[in-house]
Amino acid sequence: MDIISLRRDLHQHPEVGFTEFRTASKVVEVLTSLKYNVIFGKDALDGDSRRGVPPTEVLQETFNRALQDGANPEILQEMEGGYTAVIGTLKGKTDGPTVAFRFDMDALPVTESTDSDHFPQTNGFRSKYEGNMHACAHDGHTVIGLGLAEKLADQNFAGTVKLIFQPAEEGVRGAYSIVQKGILDDVDYLYCMHLGTDVPLGEFHGGSSGFLASTKMAAHFHGVSSHAGASPEKGKNALLGAATALLNIHAIPRFSSGSTRINVGILNGGTAANIIPAHAKMIIETRSVTEETNAEMEKRVRNIVAHSAGMHELEYEIEIIGQAITIHCDQELVDLSMEEARNVNGFSTIKACRESGSAGSEDASFMIRRVQDNGGKGTYMIIGTDIPAPHHHPKFDIQEEVLPRSVELLNLIARRLLK
Amino acid sequence: MDIISLRRDLHQHPEVGFTEFRTASKVVEVLTSLKYNVIFGKDALDGDSRRGVPPTEVLQETFNRALQDGANPEILQEMEGGYTAVIGTLKGKTDGPTVAFRFDMDALPVTESTDSDHFPQTNGFRSKYEGNMHACAHDGHTVIGLGLAEKLADQNFAGTVKLIFQPAEEGVRGAYSIVQKGILDDVDYLYCMHLGTDVPLGEFHGGSSGFLASTKMAAHFHGVSSHAGASPEKGKNALLGAATALLNIHAIPRFSSGSTRINVGILNGGTAANIIPAHAKMIIETRSVTEETNAEMEKRVRNIVAHSAGMHELEYEIEIIGQAITIHCDQELVDLSMEEARNVNGFSTIKACRESGSAGSEDASFMIRRVQDNGGKGTYMIIGTDIPAPHHHPKFDIQEEVLPRSVELLNLIARRLLK
Amino acid sequence: MDIISLRRDLHQHPEVGFTEFRTASKVVEVLTSLKYNVIFGKDALDGDSRRGVPPTEVLQETFNRALQDGANPEILQEMEGGYTAVIGTLKGKTDGPTVAFRFDMDALPVTESTDSDHFPQTNGFRSKYEGNMHACAHDGHTVIGLGLAEKLADQNFAGTVKLIFQPAEEGVRGAYSIVQKGILDDVDYLYCMHLGTDVPLGEFHGGSSGFLASTKMAAHFHGVSSHAGASPEKGKNALLGAATALLNIHAIPRFSSGSTRINVGILNGGTAANIIPAHAKMIIETRSVTEETNAEMEKRVRNIVAHSAGMHELEYEIEIIGQAITIHCDQELVDLSMEEARNVNGFSTIKACRESGSAGSEDASFMIRRVQDNGGKGTYMIIGTDIPAPHHHPKFDIQEEVLPRSVELLNLIARRLLK
Amino acid sequence: MDIISLRRDLHQHPEVGFTEFRTASKVVEVLTSLKYNVIFGKDALDGDSRRGVPPTEVLQETFNRALQDGANPEILQEMEGGYTAVIGTLKGKTDGPTVAFRFDMDALPVTESTDSDHFPQTNGFRSKYEGNMHACAHDGHTVIGLGLAEKLADQNFAGTVKLIFQPAEEGVRGAYSIVQKGILDDVDYLYCMHLGTDVPLGEFHGGSSGFLASTKMAAHFHGVSSHAGASPEKGKNALLGAATALLNIHAIPRFSSGSTRINVGILNGGTAANIIPAHAKMIIETRSVTEETNAEMEKRVRNIVAHSAGMHELEYEIEIIGQAITIHCDQELVDLSMEEARNVNGFSTIKACRESGSAGSEDASFMIRRVQDNGGKGTYMIIGTDIPAPHHHPKFDIQEEVLPRSVELLNLIARRLLK
């Protein structure tokens, strides 16, 4: 399998969260061809546990696009409606533990650069899906997973390998639904990984720390419209409720228990200059270094929204559209991966846990936690690559030489645990 | 009785709402000496229906002041705690209807001018109670009532005359408690009156219109203090709740049903720079041309306060500290008073209802309404006097010649109705 | 000319403000065929004085649609970019005054009903431009104007007739640009009119009163985005500025000078949960019974927006997207139209000025004011028709019999003034 | 000198910031009697650099109180108006460096407990100045300073000792004015200290870290009052400006550069229910782990206040009423004090820098910084004492045995540096 070519193909067809129809279909095809036991569609995730699922028309449109672009219709039909996780399992020749690896597949709503110094542009694999882009290396993650699948296809190990291809990591929306389906329940060791994140080529971190607990919410306010001139008092003004909530959410205090973050990222409401606005929608995000504090912040946001609505006699709902918890890497797995990294050409700087300086969040956290809750172990590794522009930027790119090297590392890790 | 001297005595001893101890005592003495049946103290008003009663220490201090300034201790003791209404009733020689007149007695928290062109200053009767002042002519109203009492003391009429001396008209706080005591329940005709209000000397209006329904409220927010540096998240911030309420109260919409007013007149909260503020108090006022709309505004204020408190996990209470309804003068009484005014020297311009242009409120409204609800009739007259400065101003004053003239007019009105 | 058929054709092709390409082309064709001197395109309005012009892509798309639907390309090209006013002038056989009539042509962004009791639906002339609808009778106004043009084509009068077909009355956006082009400068008498407005069939009003002065504004806030987790302090938060402006705009006080209205009809801002929002847009509307007060309110809105932006270090702009002033109808024209209405079959109830109870606004006000400022006279008539649903409703409709009747009335008025 | 008795005398006469008239007089008397060169009054601090000076009437009243309670009138008159710092300098027998010690003298506006388990109550030295209390051990600090003065009076050292008795440490208001007077400019070593702060008796810390940079501000908003019913639009509403500022100050974002704090501790405004409020006053506090971030927060507060005022056409001023910077203790002084502590009976646990966990601030920071800026060194020591209730609590107290022990430690430190 030529994982470089495959990466470029995925890069050219970037699919955002829960619309990874073409990508996931390809993953199913490869895993099936390698004799993996493959589960996907409604068997691979719990539909109701997904967060921030796109509207039906978007799901349908991207589904059709995948169909037109050659995705296998039989595989595809199982994914209709955004069931885009894929789980490949392979038993070794003898018994042993279950070792899982997690790879995320989704792209971003970013328009890719057309600059002549942008490698995908000059090498003919810039995004064909205008407005979407693999600007966070998940195309690379996916092919590393498939490369690993190929390596392990010999079944020459003791135990079971489980490869988890996750949709919708962006917005921390997809992992929880896989966890809720029970996919992690039999896992003894879980390795998650990310390329880049400001770590240069040749450097490797066996773990990570500093991921924040985070909740992303959509609040909907429903009032009553009326003519702003003829009968202003008959309206129930959704924007007054929303603006009040916005200011008061920002006024949630600092916590002495540790660093927190709060943001109202989006507010949309109203229809016309002369109509009392009847509807408003607000996207809110909380973060904290502890889950307790994040839960307290979420509770305060909910209370503020409820009372801002009540103050103006509005109805409201709040839906969770994304969520992450903190990650505590197990030292045993961190150490083991560092040892194996020393056996791979190209890793010259090998370090333990990397502190996330970017106040970021990851929903792999739910997977690691589930494994740990069951007595297993997990870690989140960083594999360095130089990047010409920051993650999520129109000119983001990775160095492709990191891909085979990463496959080799993961293969060594798997063999070590499964011997 | 020299009502000019008496007016100057009252002017020198101005007592604000529910502290009219000295004034009310004098009224009791005069009425008693004229053989009126006098009720006062807890018999003259319903204590719980008073609005905006001053704190106990203020009531005690002003009570003691009245005692020191020669008020009759036996009379005074009935008024302890702010029971400062006085009702004088006199039956005529034959049966007939009950005609009531209402006079308000309270002063204002205004510091009286010491300018040499201020008549009370140059004539030696400027306020002795520094910071208080009769700046709305209620000293005049009170002596007009006593002058009328003297005129009618001959009992040479058919029916009953009822003279109501009311405390705490300022802030529309006292009338309702007299109504609730049942004092108006047997009244067939009620005449209320005011001197001045931009009507010049010599002009008389038999009625008034345009008084607004109004509610004055105190909202108290109770949170939890905490150190703003060490544990900001442990506080429950009363000022955040109050500021949110303040902005949203001002955002109550205009009503197509008619003119409205809204004000947050006072906000006080917090104790120190480094303490999350645990308490705040807010004074709010609504007004409207209709009682329905004023009631709706009051309801919205209550809802905004409740939810602003709830938003920040605060406790709260709202107390009514003043209230007025609208006044609709009965044409029969308006006409009758206009006819009699023509019989009094000095009234050269005689008009029917005067539109209140000042968006003011009057709690005589409760008295008039009670009489009308029982099938009786009422009106609110304006008796003109030139004034050197607006009502409530440190240099406000009346022309004393209006006093005997007003007594004569009221006497004629009473005789006409009681013949 | 069959104005009923023509009205149905226009009804089927509703074009919203400044996109009346097909409608205006037809008006040009008819007027030209009747030998009127026709000016249109950039000669008929001042481009920079238009308010609330749609975005370029909308103008282009609707332009193309008109082209596809058979509009005359030569005429159309003059209107490209939204220059959709048409002025037809015809001189009579002898000299005399200039009499103008104004007709508005634009439709609304309303989706027309498909109910079986909706007359246009069952009679095959429901809107073909899904999402747009003639829901305020401007289709009727336009054909009345064309019917009048036909009647007056005989030139059998003394003076000049000027027929003004205005774009973008909805949102009070188009009239001012025609005034600024000088089109009204030679007009001695101006008659404006509206069908319906809750006046039943058979009733006629020679004038109107109660239109409010109004300003509609778009405020744009420009900040700086940043990652809400990694560097919240680097953002400049446009939604904090906008929410602050929204609450404070609503808190603009009542005016003792008369009734006012205020509304923030739309607020949109932000892009993602985890990004400090860099942009927000707000649509604001003020109204008042006097232009002075409306101007003061507009000034306060501008000040609040400026300081809400400054408070959060945002850039901002405010653009006027609609404006209207008050209308004072000249009694001479009111009376004259009432007299002529008595000569038309079908007008059974004939009244003078109608008080607008709906706190509405009209930009014909700018035209009437310009004529009056030059010593001329103007009025705004209401011609009744029963309507099955309110103006701007998906089931709005008019009774077509009102159309020829209205043509006849306007013809009589014109002849009377031009004899 | 019996420093226990002296401490009880000071405890009984607690004087808050800039009113330490009696305390400072006593300090002057003691130092003078010990032959120190004593400067005080306007020579000891820069009047304009004082922050949060009490109103004139408070200064006068407390001045008179000190006079009545036996303070030396000649000394006292130099302090009139709140010039309550005292500096005692003593040269040793030979030349050497200048070593300074700083002691704060002010009490708190706390009402002292009368409980029978409160030591000062049962031992007869509870506060005689009702409402004020030494609840932060500054009475102890002051007598330690005087005890040290006595020890060093032998002049048996090489160099100069400088004892700085500071007013108004609470609210971080006084130190800066002493620095600005140049008092610290010749100091080579500066030792500051605090008793308690949750460190138990017997434990000693040679330094401290974690003090936050902080700014305390008073913002005054000045508008125009008007009658809320008659002419609401003529008012300029100070409370609308203040409430807007309050909410937006709380919405200042978290900083990725480190922990911050923000509080609006007090808001007072308005005069009556029916008056548009013309004045409001707000007390605001910012804190941060870095001075740069605190400065940025102060800048944002100023900008928010300015624009909240401008939004409602208000005038405003902002005054700094307290300020502190961070403290970085010099290791040389930390080590030296730890070494000497080992030579004092009673210190059983000796530690280096103590992290302030309470997000507190100290204006000794200005003194230490000035010394360090001139090439000198400084530290801030903590001397443990068990406390029955937290600092600033009505039942706060110290263990008096810590006092002589502290004098001895400071004496050893001074001798060591001055040998």
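When the chains are written out, they are named A, B, C and D in that same order, and each has its own residue count from 1.
In this section, a contact is a pair of C-beta atoms (placed from the backbone, for glycine too) under 8 Å apart; a residue touches a chain by one contact, two chains touch by 3 or more.
Given the structure is predicted, the values throughout are model-derived calculations rather than measurements.
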* To do: Decide which interface, A-D or A-C, involves more C-beta pairs in contact, and give its chain pair.
  => A-C
* To do: Report back the single chain whose CA centre is most distant from the CA centre of subunit C.
  => D
* To do: Could you give the separation in Å between the centres of subunit A and subunit D, each centre being the mean of its C-alpha atoms?
  => 51
* To do: Could you tell me the distance, in whole angstrom, between the mean C-alpha positions of subunit C and subunit D?
  => 68
* Asked: How many angstrom between the C-alpha centroids of subunit C and subunit A?
  -> 50
* Structure fact -> Check: subunit A positions touching at least 2 other chains come out as 230, 232, 240, 244, 247-248, 250-251, 253-254, 256, 261-262, 276, 359
* **subunit A-facing residues of subunit B, complex** => 230-235, 237, 240, 244, 247-248, 251, 253-257, 276, 296, 303-304, 306-308, 310-313
* To do: Can you check the complex and tell me which residues of subunit D touch subunit A?
  => 247-248, 250-251, 253-254, 256, 259-262, 359
* Which part of subunit D faces subunit B closely enough to touch in the complex? -> 171, 212, 214, 216, 227-230, 232, 239-240, 242-244, 246-247, 250, 261-277, 280, 283-285, 287, 321-322, 357-361
